[in-house]
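Each of the two complexes below includes subunit A, the first together with subunit B, the second together with subunit C.
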Partner chain A sequence: MTRLYAGCDVGSTTGKVVILDDHQVVATALIPSEVDPADTARLALDLAASYLPDPSAARSLARLVGTGYGRNEVPFADENISEITCHAVGAQACNPSVRTVIDVGGQDVKAIALNPDGTVLDFAMNDKCAAGTGRFFEAMARILRIDLDRLSELSAAAASVAPITSQCSVFAETEVVSLIARRTPPPDIAAGIQLAVARRVYALARRVGVQPAVAMTGGCAKNHGLVLALQPLLRQELVPLDMDPQLIGALGAAVLARRKGMGR
Partner chain B sequence: MPVISSLSKAKPHTLRSRAVTGACRVASSASIASLGFRLGPWLSWRSVRRYPWLKVLLRVNELAARLTAGRAGFYQEAVALLLANVTASIVDSVQGALAMPQRTVLHEDLVPPEILRAMGLHPWMAEFLGMVLPMVDPHAVEGYIDEAENQGIPADSCSLPKATLGLTLCGQMPRPRAVVTSNMPCDGGMMQYVLLERELGVPVFRLDVPHDVSSDRAVHYFAGELMRLIRWLERHTSARMDWDRLRAICEERNRAIEAELDLWDLLRARPAPLAAEPVYLTHLMYTVAEPGTPRGTRMFRAMLQYALRNHEAGLGALAEERHRAVLWNPPPMVFIDLFNWAERAHGVAMVMDMLTFHHHPFVDTRTPRSMLEDLARIIMQGPMARHTRGPAENFFGDLFHIAERFSADMIWLAGHVGCKNTQALVGMLRERCRMRRIPLLIIDYDLLDPRAVSPADIQGQVDRFMETVMGESRADFHGTREG
Partner chain C sequence: MVPRPILSAGGLFPVRLRSPEVMGTPLADTYLSSVTCQYVRALLELAMEDRFSDLDGWVFAASCDHLRRLADNLLHVAPPNFLHVLDVPHRVGEEAITWLADELRNLCVKMEHQFGVDLSDEALTKAIWRENEVLSRLERIGRLRRDDPPALFGTDFHRLLAAWQVTPPAWFANTLGSLENALDSSTDRPPARARLMVCGSQIDQPRWIEVVESVGTVIVADRFCFGSIPGLEPWPVGVDPIRSMAEWLLVGSACPRMMERFDSRLERIQQVVREYRVDGVVVQSLKFCDLWGIELAALTRALRELGIPVLRLEREYGGGGEGQLRTRVQAFLESMGR
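Showing the complex of A and B:
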């Protein structure tokens, strides 16, 4: 019988589950977070299990590791491990050359420096301020009355970049409102928003020292406009990961579950 | 406060350690009560009304209770004994400042109090209340910081001078006969004394510490500065220098330092027979605040004896020493329980720190000149002085030296947000720690203001570091698949 291992990443915005067998990813799930992190974990695991050839196999997982801000509330976890470690392990599992991981999540940003063996050398995080996180993008998209995907597309069409100088999301909101009032083209505003976040993320990444290769994880890594704004600041291209960047934390948790489950 | 269960299996309380801890609490209470007797009813009543911070100091036994909790055996006894004596020292200091204002000299923490005591003056360290009050109650100086900021002190400057200024601006700093300060350790500290001079309206003397702290020329110059200070004090107070008394104080200091150096040797052992407060608080109190007193010598010798007993019994201060840390920058006054908590939560022994590690400990007492020159060396080569001025090598050289000497497997930098001098070195420190493969934890916090970063946030930073960088599994997680 195939042994299965799972990682469950309970984030502020989404819950993610990755299930592995001894060789590969066999199922993934990504759902919006519920109010109760335990519900999020349960629903995400159920959804991932439904993609397995035998959904009941999820009831006999060899090991499950919880991570993310709600990791202490994953009721069926054998162990919980910090999201910093999980993102590091997940990114390296996708691309062993990665030495720096930038995780831009819903409510925090992390920069993680890795040792060649994938262990964490150093990290820096901002979990006090919404600026530079998914929440910031959500607030800006709400003002522009577009969704997040459209924000990303819009910034790619900018003729110039509208300056947004405020670090704080509250003040940035007022700046964007002023730009709208001055009839600044929305693509330029969107590009300004991307650059403001990119600068914030870059400042954090510099604290741990940016060593190539650099990978970006978390939900905001799907924002192509942010990736394009960040790369010139980093003076290098972000390496692609062969998995949804939002699932990297859960993947790392699953890889750690498999390592421990296989006695490595 | 979360405590990880598997690491809290400290040595069981012995009857002896319980008895010693209890006796120390009684002694502390007696010291506090004696303040009322020594001041007399009228001055006591007036002082409590005029100086509300006295009510915080009266709760100093709470600090002892917190810092002895969870510790056991000789380590617990050492902490209890130390805190009882620190309480007595604090009471002496406060009593002198309140009862003898004409003999009290307010001084900066890098001015040698030995000289003041040798002249029969009462040294009252300006930064003393700012440092001690948050140890007892983390919120104790918030109002004083606000007062300083409301009067125009920049919000991003160091909270220690802000707290001291706030106390003064609120009229809650006992008025001294004179003030002695220096051009150290930082701009914020120096600026504070300009305002203190204006507010207190008393004469101020400023020692000029040369920039190059290691040359003979600098020693000669600064010893001359100390001589100039003595003449100035003789002019502005009724005191006269008593060189024999200075010799006795310096000899007492040497005896204390001898015991401290022996203690340092023992701290190199694994497991460390003592850690945290018996190391840094003994040093702070009895070589910086109150050097050269018989009480200080007794304390260093007592700490040495406790360390020896543990060492000979093959015991460490901690039930299980899993890691050894050296601390850079002053301990976080606003969360002084950090080390006690980290011992139990992560098995971290804080074996040495920046303020404790000192370069030139002994004073040559043969002549007045030799005493002044060695006191000059102590000040110039002291921590803070060496580290906040001069080349960055002073900072890194000391840091990596103590990390190696005390076999630390990690460095904790108390990254006080108000200390611009240290913040400027953080990037270089990261690079150098990586080159040496020493894990570095930079704790973001404010020295005195828990509103900037709360104790819980500080714990969170340590937890994350221990888990992700040191690879420590958390022992307080009990998830079950059946849940």
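Showing the complex of A and C:
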């Protein structure tokens, strides 16, 4: 019988599950977070299980590792591991050359320096402030009355970059409102928002040293405008990962579950 | 750097002020800049809320500019009946000890006049003996943290320290005696995931230690500006108690305000790492603590060069951000393979 291993990443905005067999990814799921982290974990696992040839196989997982801010609340986890370790392991599982991971999530941004064997060498995290996270993008998109995908598209069409100097989400909102009132083209405002976040993320990454190759994970890695704004600051291109970057934490958790389950 | 024996002689009762329960500092923020240390802002906030009205006086050491600003603003917005600022040298040496001893003598004269108490050498020596009785007991309890597993968690020890700083010495010595007897028989603690040491800004909030320990660690040693383990060595008893105290304060301080002492501070940490079998060191500074903020950059690098795993953190006074703190500590343990 095929042994299955899972990682469950309960984040502030989304819940993610990745299920592996001994060789590859066999199912994934990504859902919006519920109020109760335990509900998020259950729903995400149920959804991932529904993609298996035999959904009932998810009830007899060989091992499951919980991660993310709600990792302590995953009721069926065999253990929990920090999202810092899981993103490092997940990114390196996708691309073994990765030495720096930048994880931009819903409420956290993390920079992680990796050893060649994929273990964590050093890391830095934002403090309580939401600047440089998905929350910041959500707040700015709300002011512009567009969704996050549109924000990314808009910034690509900018003729110039409107300066947004404040790192604070609240003050940045005020700046954006002023720019709108001055009839600054929305694409330029969007590009300014991307650059403001990119500079914040870059400052954090510098704290751990930016060694190539650099990969970006988390939901905000799907924001192409942010990627384009960040690359010149990093003075290098971000390496692609052969998986949805939002699932990398769950993938890392699943890889760790498999390693332990297989006695490695 | 205010010597407790002077504040506990002649029937006086010393209290180190803390304000872990403060909920924001809107009043203090009017007077202090946003980059002033949060401990100082929290104390000014409570002073402006009239929460320290039962104090008969305040004694400051000019350890850093932030504390000086607290003294300045206190005189302006909530002037106490008695306020004295000790001018403390930044270097260790004969001249510095003489200077600080003179400062302490001036303080004694002012306090004798203000409170009508006897702060003669004889009275001070008696106060030193009383303080030393507590310090000796605390030191013995602290040494139990060298055991593996230790007889008490770091959280428990920090609760003791918090209590010590607001409790009359004689009463506290008796309580510690009972505790010592109880702890000697405590041998059933499970082994910890890792034995950690905490260095940096003074921590007067046991809850912070508790959160760090909640992921399976045990804090077995700490090194702040003063204390706690090691750093609770009894006061020297000499023929000139004031000069002895001055020397003890300058030589014993691990506060980075003391210049040209980085190597000795680093050496002390190394020694503790060996003695207390520390697996990793958490270095932390209180937000906007300039002195530790700068020190920690050099300290982190130096400790890593020595092969000691280091987690560097910035701490908010008044708590909060517990989830993020747990994540950082857990990731640190995982990076150590634990």
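Just so it is clear, the second predicted complex is superposed on the first by the 263 of 264 C-alpha atoms of A that agree within 3 Å, B and C clash if a C-alpha of one lies under 4 Å from a C-alpha of the other, contacts with A are read in each partner's own complex, and residues count from 1 in each chain.
Basically, a contact is a pair of C-beta atoms (placed from the backbone, for glycine too) under 8 Å apart; a residue touches a chain by one contact, two chains touch by 3 or more.
Just so it is clear, the model here is predicted, and its values are computed rather than measured.
Colleague: Using the superposition on subunit A, decide if subunit B and subunit C clash or fit.
Modeller: Because the two structures are overlaid on the shared chain, the partners are seen to clash.
Colleague: Let me test your reading of the model: by the given contact rule, A:Thr100 touches which partner, first (subunit B), second (subunit C), both or neither?
Modeller: A:Thr100: touches no partner chain.
Colleague: Is A:Leu121 in contact with subunit B, with subunit C, with both, or with neither (first, second, both, neither)?
Modeller: both
Colleague: Of the partners subunit B and subunit C, which touch A:Asp108 in the superposed model: first, second, both, neither?
Modeller: second
Colleague: Can A:Gly209 be said to touch subunit B (first), subunit C (second), both, or neither?
Modeller: first
Colleague: Taking the superposition on A as described, I'd like to know which of subunit B and subunit C A:Gln92 touches: first, second, both or neither.
Modeller: A:Gln92 contacts neither subunit B nor subunit C.
Colleague: Regarding the shared-chain residue A:Ser152, is it in contact with subunit B (first), subunit C (second), both, or neither?
Modeller: neither
Colleague: Should A:Gln246 be classified as contacting the first partner (subunit B), the second (subunit C), both, or neither?
Modeller: Once the two structures are laid over each other on A, A:Gln246 reaches no partner at all.
Colleague: Contact-wise, after the overlay, does A:Thr217 reach subunit B, subunit C, both or neither (first, second, both, neither)?
Modeller: Neither subunit B nor subunit C is touched by A:Thr217.
Colleague: I'd like to know which partner A:Ser33 touches here: subunit B for first, subunit C for second, both or neither.
Modeller: neither
Colleague: Taking the stated contact definition, name every residue in subunit A that is touched by subunit B in one complex and by subunit C in the other, in rising order.
Modeller: On subunit A, the residues that contact subunit B in one structure and subunit C in the other are 81-82, 84-85, 119-123, 125.
Colleague: Which residues of subunit A touch subunit C in the complex?
Modeller: Contacts found on subunit A: 69, 81-85, 108, 119-123, 125, 127-128.
Colleague: Considering only the defined contacts, which subunit A positions touch subunit B in the complex?
Modeller: Residues 61, 64, 66, 72, 74-82, 84-85, 88, 119-123, 125, 207-209.
Colleague: Subunit A touches which residues of subunit C in the complex?
Modeller: Those in contact with subunit A are residues 314, 316, 320-321, 323-324, 327-328, 330-331, 334-335, 337.
Colleague: In the complex formed with subunit A, which residues of subunit B make contact?
Modeller: 430-431, 434, 440, 464, 467-469, 471, 473-474, 477, 479-483
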